[in-house]
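In what follows, chain A forms one complex with chain B and a second complex with chain C.
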Partner chain A sequence: MSRQASGLQAWAVQRLTAIYLGGFFIYLIVAVLLDPPASVELWRARFGGVASVAWLLFVLALCWHAWIGIRDVVLDYIHPPVWRLSALVAFGGGLVACALWGFKIILLAAGG
Partner chain B sequence: MAQSLGREPMKFEIYRYHPETDSKPRMQAYEVEVERGMMLRDALLAIQAEDETFAFRHSCGEGVCGSDGVNVNGVNCLACTTPVSELKPPVQVRPMPGRPVIRDLVVDMSQFYNQYQSVDPWLKRTEPNPEHEIRQSPAHRDQLDGLYECIMCGCCSTSCPSFWWNPDKFLGPQALLTAARFVLDSRDQATAQRLDALEGPYKLFRCHTIMSCVEVCPKGLNPTRAIGQLKAMMLKDAV
Partner chain C sequence: MSRADTRPVYLNLFRIRLPIAGVMSIAHRLSGVLMAFLVPVGLYLLERSLSDAAGFDQVSAVFSGILARVLMLTVLWALLHHLFAGVRYLLLDIDVGVHKPVYRYTAWLVMVAAPVVAVLICMVSRA
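Showing the complex of A and B:
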């Protein structure tokens, strides 16, 4: 990560992903309240087509947002380089795994 | 919460620590006859008159020099502008947090001053200085309001958790307010250089908008807003 990516860019990305996450959450709540899916098939239909792209972006935005947040916490609290690197690798690896898992779930659901 | 305004005794608990003779800090109890309109600095002076081994910094007594920043009942403030009538007894007075204690309420502010110095707190010009003063429009001058009034008491930076965590790398609200003061000054010609100097994860971006600085500033300034202005200018510069 470049110096720029670690400062301004991370800050900007955190805000942009927050806007997407906020908007998506509101859409999701409204959509479920107005038209609650009655069956698993109807749920799965919500993941098809354009919706699958929106879901994939949601998982990506969530993990990216979480990464910047957790990186901030690590930079604040964990100072010894070895512990810091270990924490960043652990959290980063965990988030990448979560993202891949999320992608798999969405693509499987979208594929019917 | 408020004390009645007559002359009556008030309990104080003062942080005492002399690193050369004490193995650890302690809180020492004192009682002061408080009077109407008495400020905390007056109470500390009364305590010092009673116990001359007690040390604290103070100078102007008018909230101008910024010497007597202390932590009172958990909140940073200037002793000279804090009425004792507003304090809940027993009044616990401690040194400003996160700074090495030299003695009692006197702390080492070197790192705080170094961070201030690191933002080059003076006007920079690429053009030769004109023979007359560099004029500003009233609108440009207005942009400096809320930025230039800082008296460098350190109440903000020493109440900032981000400054506690990374005081060597995060500039802290005071230095960033000063950075904004020069970045936003129409007479300064080093804006890009100043913004570039703030890049990276630490100097500016350790601020998480906790806003403790705003809460404690005895001059009513808003370093968080100034930090937001710096971030917005960096973003505008980058896109």
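Showing the complex of A and C:
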């Protein structure tokens, strides 16, 4: 991806992840409202097989979407280079850590 | 003194009437930033709820407390506002609802629908 097109890539990723997150959240809210899990076993059962892939994609989409949004906000409002870089590193590192943590949670639930 | 130096540099934000779509847009940003900070909180609750029976009961109890339910309503409002405003932006991308007065109506719709649906979801989940 060329430098000129990297903004376009972020624009497209923000919309693709938005569509997935929107669909996932609506499904999750409706599913939990209609059929609240009664025990930890029944709750874990919703993370196995195909569902684990959907959950992993959700964690990835969530953290990526949050990163692009936060990056735009930081670039808009934080101008001194040192503060801007610090904020980007802090949020970027935090969200990468969150994504890895989320993967671990899903994979443990799917396997156990 | 050149003309450029006499420009008004002080803007009283309370005297600028921000259009409703502007209010909706700022709330879209605010709700997004808020939820970005809540990602680790959500992951923590998810991890506890999946850990064992005790953790599952703990997280269930958290969601049934009155303070937690008020917090949940707030977060749900942020999520739904972000979602509805996001759907509106996606529709604007494909040229749906771009013109006056429709874009004003849809901005109002987002502003009103988000808290209403959040309250409805909280009421249904009480049962």
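The rule we apply is simple: the second predicted complex is superposed on the first by the 107 of 112 C-alpha atoms of A that agree within 3 Å, B and C clash if a C-alpha of one lies under 4 Å from a C-alpha of the other, contacts with A are read in each partner's own complex, and residues count from 1 in each chain.
Convention: a residue touches a chain if its C-beta (ideal position, glycine included) is under 8 Å from a C-beta of that chain, and two chains touch if they have at least 3 such contacts.
None of these values were measured; they are calculated from a predicted model.
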Touching partner for A:L75 - first (chain B), second (chain C), both, neither: first
First, second, both or neither for A:F91, with chain B first and chain C second: second
Touching partner for A:A12 - first (chain B), second (chain C), both, neither: first
Per-residue contact with chain A, leading partner among chain C and chain B: C
Intersection of the chain A residues that touch chain B with those that touch chain C: none
Residue ranges of chain A in contact with chain C within the complex: 15, 18-19, 22, 25-26, 29, 32-33, 36, 39-40, 43-44, 47, 62-63, 66, 69-70, 73, 91, 94-95, 98, 101-102, 105, 108-109
Chain B to chain A touching residues, read off their complex: 161-162, 165-166, 198-202, 204-206, 208, 231, 234-235, 238
Complex interface listing, chain A residues touching chain B: 3-4, 6-12, 72, 75-77
Footprint of chain A on chain C - complex, ascending: 29, 32-33, 35-36, 39-40, 43, 46-47, 49-53, 55-56, 79, 83, 86-87, 90, 93, 121, 124-125
